[in-house]
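Alright, structures below, take your time with them.
Each of the next two complexes has chain A plus one more chain, namely chain B in the first and chain C in the second.
What follows is the complex of A and B.
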């Protein structure tokens, strides 16, 4: 009986203990502050606590530029990497051009047919033709060529790392925190270090893409190898398999689903990054969007943005279909597919129709710009009763963004650290709290306290809006199958689109500034929050829900007393994901007038002032770390109702 | 009239295939100190855990598995039986003790030799089947041969043979996901059989199956054993399965073997209260053989009445006696060993001793190796003795007229 009574007494005292512990943590933090208070003074981060990195960074960047053609590290290693990347991208690009638009479309359609059936094939062909019709065939092929090389490299690197982590516990322990952290960092933070080494251009773009896209492959490979059914592995071992046989005949085939999911995620992240890398010379579709946004030419941005979305949807659906695992009737073998492609490409070449025919291009930039002009004239402001979109943006800026930013800057710097510590400690452990405080302090030390708090204010505002909308929609989707069904295709498309694309519609609607950046962030983060919330609520123990219903609980009571408390972990995860995704887009918002850290990075790149950009990039990393750790729940907390 | 129901298996020889002695498996920090230290090894599981943080899954277990027999290890969940069977081929590395297969020390084997053992000499069937979901039925069955390096056409040919043997013809091209639980376990069985192992190890193979399918599979195993006479070690938590399949049963509790013996010995003379509680609801007439109810024949009885074989169960004898209305003769190769009548058969069913306790030595029932191979009658005698204890009758003095039957030849001079 002793073993029975111990856990019950523990569960009974758990809530009180928890409260006490929370109060204790706050008390301890308060004590520390009270002791240190006389030594501290208010206001923003004091100058004497900053370390200026401008000089050393400028020196380092100058040194790299001076020695890029002479130093052995560049000559014998990085130079080769750079050349190999250029060579590979060019080879793929030329191959795509040689196949011609007809050949590429046919190959794409046949591949889609092979994996997903006729409907997917038709969709793929339509998507490729649409890219051509929008006059974006060449930039699409440029982006595709860069993608192919980056994805192949990411998959190779990721699979190797994942294989190591899947087979060795030590490597897994070492790699996991690194990969976890890389996953939460905004794409923008990766740009500057590679530019420092490789300079602006295709090699830097490809390598930034590989660094950004390889982690999911590594994570999922390791996960798949580790998650194999232990009884199957035991059965394989009981038959006397060697380690090698076990890996090749059991572990890798059993991880097929995870491997293909990793491939899918890597492709999606690579596309997202390949577009953003336009800022560092990737060319292609991203560059067109970037140039168009810089001159607020929404029509041109849209003409380049639509192919990006189409490419994203097609790549996602085809790889997802490949990873589906269900066996389909064989449609077409690879040899036939290749043969048909070659035949079509040759036919196109003989007919002299390799390039997209000029007469088939649909100029959408003009009409779109006219529509945007009309919107500017009629919807931006002065619409009776509801006001205009620009009015909303202005009100949002003056009534929410400005007060939050000013409030954060008004707070004494040490109280910001204290807030971060208290939040992180209450939600997580002292470890996460320590990381968060150190990251925040590092921002101050780097001397970018004010722009970072500006970014933080945008993130906070966007997260608040995202969570209110996301939780409400998520609850609705969890409670009604009809809402869920209606939302699903929308969420599917929104989740596959690269971050960059979201800037186009918000610029059309709200102009430039901080409010549009926040709006883009909200739209980008919303699907993930809705999905996690709805899933978490739906996965609540049905027996608990049924028992509540049998006791006569109303729908509202079920939601507040059963579903939401039991889905607590999912809700915290939704907050964490929301924060990470919002940050990524708020940073990119620097390109459309969001200012703050994102602007510093873009400015540094544009002016060749790498020192400013690198410091801002480091601050982004710190901010990302801090935000992730503050919202990271841990497993160590006693679970309620256990 | 001889009943034709073949209830018990062909006789087994005494030659051991697996010989296990003093086997320990301790999980936890520094496990090797537990078997080495007599003080620690004497602790109860709870005390051991609080003192050392270790859990002893297998505690000082010794037994022999004889060639051609079905050796059942039975116990409730957590009794260490699954760990024990994994120790036999070192899927789990034992902490202490010796294991030998055909006299060869398993614990001393290097990796290559151990692989050899797993590939050719002992194959295992798992509770949740352990099939490779990405392979067809045929390729799953051929997998063991593939591991051994058998060529594709040959292994497929051999695999097809075993797929047919377990009754899955026509399903070679399906994948495990398309099969029912019973069919999947047939694949698991065929995979184990395909490598032609000396010993088949079953780890609760039918626990995940529905009762009717389970009975089919048990019959399948019985059939395979009858046809091939392969040695089997069978782990189960189901007492009726153990009694149905086992030639001998080792009953485990908290990592120890509490009793080892034939089904009849386990049911007829439980070694302690735990075993007694365990077997309380067993229909005794299905397990006990007629020997338990046998008395010496009177002269006039040796020539008339229905005949039953010595290995027939009490239930079968009841049927014979009820049909004929007279006592039945127990006949072995034309000799009458004794007779069973209404009174004695009912005594066995009721668990009340109607035969006198035998003068036969009350050897420790747990000492399974002492059970003689020809000893159904001896076993019955001991079972009778057990019954005496069971019904708390002090036992009649030796020498009363109704003695337990001594071995046949002395009382049955006549042929039928």
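What follows is the complex of A and C.
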């Protein structure tokens, strides 16, 4: 995925100035509270400040179901959208099936060869064959078909928006906060509104995916267009090119790198979402994982999870290679690639081997389940001295999660708001603080204060663990090239895996409950935190380090007194990323017993009770906004899309 | 240039908004009927009994009738919606959803009844039999409050824990606890799998527990459980979900088919209408899937091979 750029830290006078301003801010907040305090009472959010949306939402949902086959909005607009999606997915799916497994594999390999050379091609072919060997060929093709349509739509929408924002300042100002916000929202929050309108099924899944995956394309397109070298543009202008010629011949080609990075991010996010959308009937690989998770069949979940990971890695590498832009040795032209594919597909058809041969599948579910059973029997509980994984999960729940949750719920509601305000204001501006407080207050008004704080407690616990592990690993990677080299491929793979996949192993290890949700979140967020930390530490001004060294500072002193303070902004960014990524997975944790908001969304989807689900979804949005603003350093930087 | 833009915009608008109406409630899954093969899409619910129905139906449809079967994991209520829109063709085990039935079967006529599954379902509150032997009076709801302390857990907050399973199941438990004024807290395990894991762990250590459970269910063979008597069920006593204060009914489980599929689904529709087996048959397959961890298709094959007299009658 995208690498995150970390600017080196500012001058050293900043901290003191900040400290004074910080004291002033805190004083002001304290004053406001002191004035308001007599009016407030403690405990959780008061009932008279809540607005129940259950009735109107239930009515809306009933109205949609009753009018879906008669109202003109559905007949003449949404129906066509839905039809177009189904038609497109079906067309791609049929094309993939017609090409057969051999055709698809060859086409994939040739495309990879064209962009990235022979090694990538071999890897791609192996990945496709592995999908077939796991008995997942048809689900893989279903997911791929859905992905192709969703990615094309996302790219079209994203590029259009990005073009607008790149050319018009006003549009840019209007779009940027929206896109920024959309990128921090957990995927789960996008599902319910589309289900309300389109019902369970592929159209809803594709549209949710598009909404989720289009923002990075828009952002990066705008960024690329705006970042074009002004001298080049001037030169083109002086040659008398019209606006349109300038756009087509200079600005867009110059933004090629950003455009392809945008494509890469869009693909990765679309894959992640296409898998999660199984919850709303997307079918394909995600559905297999979902089915397997429902019966805690880890082996079957893994058999469907591996193709997802392979697909993710292949798509990421191929698009990254395409965006690399380095000159490649001539490999193969498109006409030849297509011709070879058609030939292979025809050959397979004549041989009657379009479907993946039944005898060639490898049943990994059974051995994996046996291994898991062994693990649960031996590691799960009662291991001498260190205890079993279930014991850890139990202790983590009773010693950390419960106290944090109870503590948060014990806090008077206004003090939670105050804490949010103080944190956000200290790190950001009054504007971010205001957004954060309003978002938190909205949660209270929606009447989901308690489940939201439950989710928040899980997020806090997971973030704490992530930061401890992430900073430690990041420091190690920054200080030793060997560690860095060893970590890089691991981080690469982990960063490309869709969120859903992380749920499988944690269920096997930690059973069901809040602890596995937290564990999955930690594993998911860790790579980004490690990466940003290491990068930030490495970019610390060498001169500062050198002078510290010449003053006789030991390695530890250098780290604590020079590198870490100077990399403060990178560390803050790591915290921000960690929080956003953790939230996304903690929410999905509702599927493995995480409870709270994630469970409410799952419940809303399962019972068709959209009122519960939508309110929980809105609370997730608010929580995401709040957490992002509270940890957001003053200015924004590109982030890992998740 | 401008003219091209306008033409393009008009073309897009026409394409998008309408050369006629499009009824999105009549759209099949894009993955159905690929390459001319006849496809049936079956909805699977998360409990093993439903998996068994689907596994056997799928096996016979694929191997005896030459269909291709897609299965989609959908919970019951969304399955009704998907069924009405034709995104799935059949729902093989429904535990009673009067609201949905009224809306889709009676009013919209997009779903038709597919007949009895042959299995009678019953939901209730259960305690393990070893506990019922120790405290014989625990099986009456009036005495439950005496034993609250037995059922206390970290998640139940000082009250007794009544364990519920998946969010998707038919349940009145929250209302029941409230209306019967019991000192209990309903704790959702999150999924049936989680609930079963938990029950097995309790049973291994012979600990007391009170759980929402239902029959037919294969787990009874592994962990014998005794039902707690709730106030008896009378017709209509569960009409208002907030005021329920009676036990759950005995429900003959029903099959439902998409109306179009039922009319024009050929042999597959005829077969699914005739599909009818017993609790014992279902449990046999369920045990193979859940306890022996057989792949559902292998379990179905074993059952089909050994019970030709049963399924031969289903063939059209």
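Convention: the second predicted complex is superposed on the first by the 616 of 642 C-alpha atoms of A that agree within 3 Å, B and C clash if a C-alpha of one lies under 4 Å from a C-alpha of the other, contacts with A are read in each partner's own complex, and residues count from 1 in each chain.
As a convention for this text, a residue touches a chain if its C-beta (ideal position, glycine included) is under 8 Å from a C-beta of that chain, and two chains touch if they have at least 3 such contacts.
On a predicted model such as this, the values are computed, not experimentally measured, just so you know.
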Answer with clash or fit: chain B and chain C placed together on chain A by superposition.
fit
First (chain B), second (chain C), both or neither: which does A:240 touch?
first
After the two structures are overlaid on chain A, angle v-u-w for chain B, chain A, chain C in degrees (C-alpha centres, nearest 10):
160
Mind working out whether A:147 is in touch with chain B, chain C, both or neither, as first, second, both or neither?
neither
Considering only the touch criterion stated at the top, classify A:591 as touching first (chain B), second (chain C), both, or neither.
second
Going by the contact rule set out at the top, does A:202 touch chain B (first), chain C (second), both, or neither?
second
Chain A residues touched - chain C or chain B, whichever exceeds:
C
On the A-aligned overlay, A:250 touches which partner chain: chain B = first, chain C = second, or both, or neither?
first
I'd like to know which partner A:564 touches here: chain B for first, chain C for second, both or neither.
neither
Considering only touches as defined above, state whether A:77 meets chain B (first), chain C (second), both or neither.
second
For the combined overlay, can you note the least CA distance between chain B and chain C, rounded to whole Å?
18
In the complex, the residues of chain C that touch chain A are 1, 15-18, 21-31, 34-35, 44, 46, 48, 51, 70-75, 77-78, 80-82, 85, 87, 103, 108, 154, 166-168, 188-194, 197-198, 290, 293, 295
Under the stated contact criterion, what part of chain A meets chain B in this complex?
229, 231-232, 234-242, 245, 249-250, 253-254, 256, 327
Chain A partner contacts - residues on chain B that touch it in the complex
86, 89, 91, 114-120, 123-124, 126-135, 143-144, 146-148, 175, 188, 191, 195, 201
So in the complex, which bits of chain A are touching chain C?
65, 68-69, 72, 74-84, 86-87, 89-90, 93-94, 97-98, 142, 145, 198-203, 244, 278, 281, 283, 287, 290-291, 293-297, 363, 365-366, 369, 397-398, 402, 511-513, 590-595, 599, 602-603, 605-609
